[in-house]
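Once you've had a glance at the structure underneath, I'll fire off some questions.
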Amino acid sequence: MTLRHFLNTNDWSRAELDALLEQAADFKRSRLGRQMAGKSIALLFFNPSMRTRTSFELGAFQLGGHAVVLEPGKAAWPIEFEPGAIMEGDTEEHIAEVARVLSRYVDLIGVRAFPKFQQWETDRQDKVLKAFAQYSSVPVINLETITHPCQELAHILALQEHFGALQRKKYVLTWTYHPKPLNTAVANSALLIATRFGMDVTLLCPTPEYTLDPRYMQLAQQNAAENGGSLQVSHDVEASYSGADIVYAKSWGALPYFGRWEQEKPIREAHRHFMVDEAKMALTNNGVFSHCLPLRRNVKATDAVMDSPACIAVDEAENRLHVQKAIMAALLGQR
Amino acid sequence: MTLRHFLNTNDWSRAELDALLEQAADFKRSRLGRQMAGKSIALLFFNPSMRTRTSFELGAFQLGGHAVVLEPGKAAWPIEFEPGAIMEGDTEEHIAEVARVLSRYVDLIGVRAFPKFQQWETDRQDKVLKAFAQYSSVPVINLETITHPCQELAHILALQEHFGALQRKKYVLTWTYHPKPLNTAVANSALLIATRFGMDVTLLCPTPEYTLDPRYMQLAQQNAAENGGSLQVSHDVEASYSGADIVYAKSWGALPYFGRWEQEKPIREAHRHFMVDEAKMALTNNGVFSHCLPLRRNVKATDAVMDSPACIAVDEAENRLHVQKAIMAALLGQR
Amino acid sequence: MTLRHFLNTNDWSRAELDALLEQAADFKRSRLGRQMAGKSIALLFFNPSMRTRTSFELGAFQLGGHAVVLEPGKAAWPIEFEPGAIMEGDTEEHIAEVARVLSRYVDLIGVRAFPKFQQWETDRQDKVLKAFAQYSSVPVINLETITHPCQELAHILALQEHFGALQRKKYVLTWTYHPKPLNTAVANSALLIATRFGMDVTLLCPTPEYTLDPRYMQLAQQNAAENGGSLQVSHDVEASYSGADIVYAKSWGALPYFGRWEQEKPIREAHRHFMVDEAKMALTNNGVFSHCLPLRRNVKATDAVMDSPACIAVDEAENRLHVQKAIMAALLGQR
């Protein structure tokens, strides 16, 4: 039997995702359970976290389990990921040992590892996550690498709470400005999950250079075809917002400029007007707005949008707790 | 119904404080309970902590709950507190989202946020704590900002254990030297709580410039008037110690020099002799000595004083655990 | 009654160590217990940790207890260890208060404090650990200082799992190259415990300068005499490996060069060939290989050795969990 991980939603069938969402809704109604009684999860954070850490730690507790939070390179030893490496540099131990040892201690392993932002060709291989999955003998959960599948489920649950069925809803993923060239993970994830649930998806971004990696564009295209929705790319703000049911915002750096960010900066700066504001939201079909958080107010979205009833970002954040409990329970074979 | 926080002891009636102290004494006799079964608290540390973190984390555990420890700006995202801020600087998310999201995850939020020591006019507004209280939909607990109300209760409990009733006890809060200009929080708190319990309080400090913020001087004056005690300021070491029942020491920077600490330094240096030593303690009425800890030995108090039976600082530190469990239980409506 | 600590295995009788190992084997068969129900341990890390932290934290949880992880100098206040110090430097509180206060909060205290690598005469006094043991009123556990007794028991348990009785097994502790001059703790510990269990022990190292501190050489010699084994030092790789049952590897800096590491570096560099490889392992009596981890692959041992069935390093690491639970239970008077 192959070990089941939660690395990407596309590895899970729609029926399985629906079951996770149903279990998550159950956990939202009734928080406490024994699905992790005496069990544990190691949470490895190579990057900062507030929601992910809090929600996983509490999720484990509420199900009778325990989460151990590790920060490799800070309070824990730096890890080597290259197979066959002659380890004379900064890394003190190899993922082979880290994953094998952790697998003896805990029942689940969660990994957050953002790209290094030097070489997209390297980062897109998702080596850290894949190495954990390869060497672990317990299920591994993606806590955000180059996709963010836990966020995807939380997002969908929040949308289902608002709309019920999501089929053919008009969904806009809009790029927004941010002073730094951020990770594409949540953008990739938004395309994957919105197309998976049969929505009509528009990727709104400043220029063709902000289109996402072909791997995710193609997967999303395929998802759309299989699930009765559609995918298009647009650079027209007004057309994209018009009639939208859902506006999801995220900032990211343009992939062709990866590692040469100084050259991308002027393009980003020239598109500050992509900020989500009331005027744009007024073009929608009484649409909802969401974001994965953290969000820079008055840079990515205005205070007015964030504080409006249309903003369901806090619901989405809350749902992280519930969907992650469902994921952990499922991976442990518990319901 | 207004949400009840624990931001300052002056927001709680004397009867309520007495009930907290009674519950704390109960918890001291019998450590384990179920008052937080399945519940949780987020502890946000903007500054270091040993006692506070340990005692809250254990307190939650001993009552069946769980504490999540977050360090914004280190392992978690840096937070913006200004309303309406255009967030183009270092902060990645706004307190509005942080507090709202945490309120969905946990049942209580604790916040430690020391002053920034640049501008007292800014720091005295206690913006971080107030912002949490404003945006949270769960009770917020002050883990030390510009006051330290948990310490106040632990202090009073230790004094009650020693003296029984505290009314009209002679209480000296003495400034002591420290190489850095420290926070006035514990000093403010000492004045507030000692006057609240009807003691005759002397604030002993090097010069009038070391008097505390008028807000706390006035509140303490008012507390004294209402509770049958008194408040005076003195710069005379011998007179202050003479006949004292309680000596409480704390170092702090003089407010008129706030942000211009180099100019305050020579005054501080000139008053190293304020260190609590056996000669001074011999002037007291067989008095006890305490301190909130951490304490620099042989700078703030001598080894002889710290290791003497008169020193009840460790009892006070222990009581942090018990009073904080009482506070958490009370805020959750549990007894 | 003297307070019992777990500072070094040589403070515990062989019968006591055997009882700990038996209890550990029980915990390995059946993970959950109530030996720490409502109890707690403070884990103080002055240095990084992955296995130690995870295994103690989970061990406490699996026995119904709770571990608080503290990092003095980072998230907690820096601590002074000198008796009588006039604390005008960087340290904010004295071990006297830290240990006394923690003893009020928790039932056990674990301490990791590596040498400072400036002066071996200072480091060999193990001041931090001894100060905790001196001032604490609860049992203290050594989480690695200049010895690593928890690792010793995990190591022995893994060897017993493989061999059964260990008496007269041929045991080689081999020095290996590492870019940095590491702590001798695990090497000291390996000598102590291997001789304690009556093995024929060879310390294989590049030159006489890599011999360990006389204190540990003498204790090991004495252990060997009392337990029917032997201890010898060798610089001959082939002779040492020939017929060995157990190869245990560790890197350390030569004590005569302590604090003058630039002068030791060329000697270390000249002995990179001490790396454990298949050719060397082929000389053994079908021997097993182990290491305390973290291990730099292809520097200390080759991939081929690490990934071979002869490598029991991961078993040893797993056993940390089980032996530490046994230690905690024993110190709490629980079985």
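Per-chain residue numbering starts at 1, and chain names A, B and C are given in the order in which the chains are listed.
Going forward, a residue touches a chain if its C-beta (ideal position, glycine included) is under 8 Å from a C-beta of that chain, and two chains touch if they have at least 3 such contacts.
If you're wondering where the values come from, they're calculated on a predicted model, not measured in any experiment.
Chain-to-chain contact here is organised exhaustively, every possible pair of chains being in touch.
A rotation of 120° superposes the C-alpha trace of chain B on that of chain C, rounded to the nearest 5. Rounded to a whole number, the gap between the C-alpha centres of chain A and chain C is 40 angstrom. Contact of a single residue of chain C with at least two other chains is seen at positions 74. In the complex of the two chains, the chain A residues touching chain B come out as 31-32, 45, 48-51, 53-55, 57-58, 61-62, 71, 74, 179, 293-299, 303, 306-307, 313-314, 317-318, 321.
The part of chain A that touches chain C in the complex is made up of residues 38, 40, 42, 66, 68, 70, 72, 74-77, 80, 83-88, 91-94, 96-98, 100-102, 104-106.
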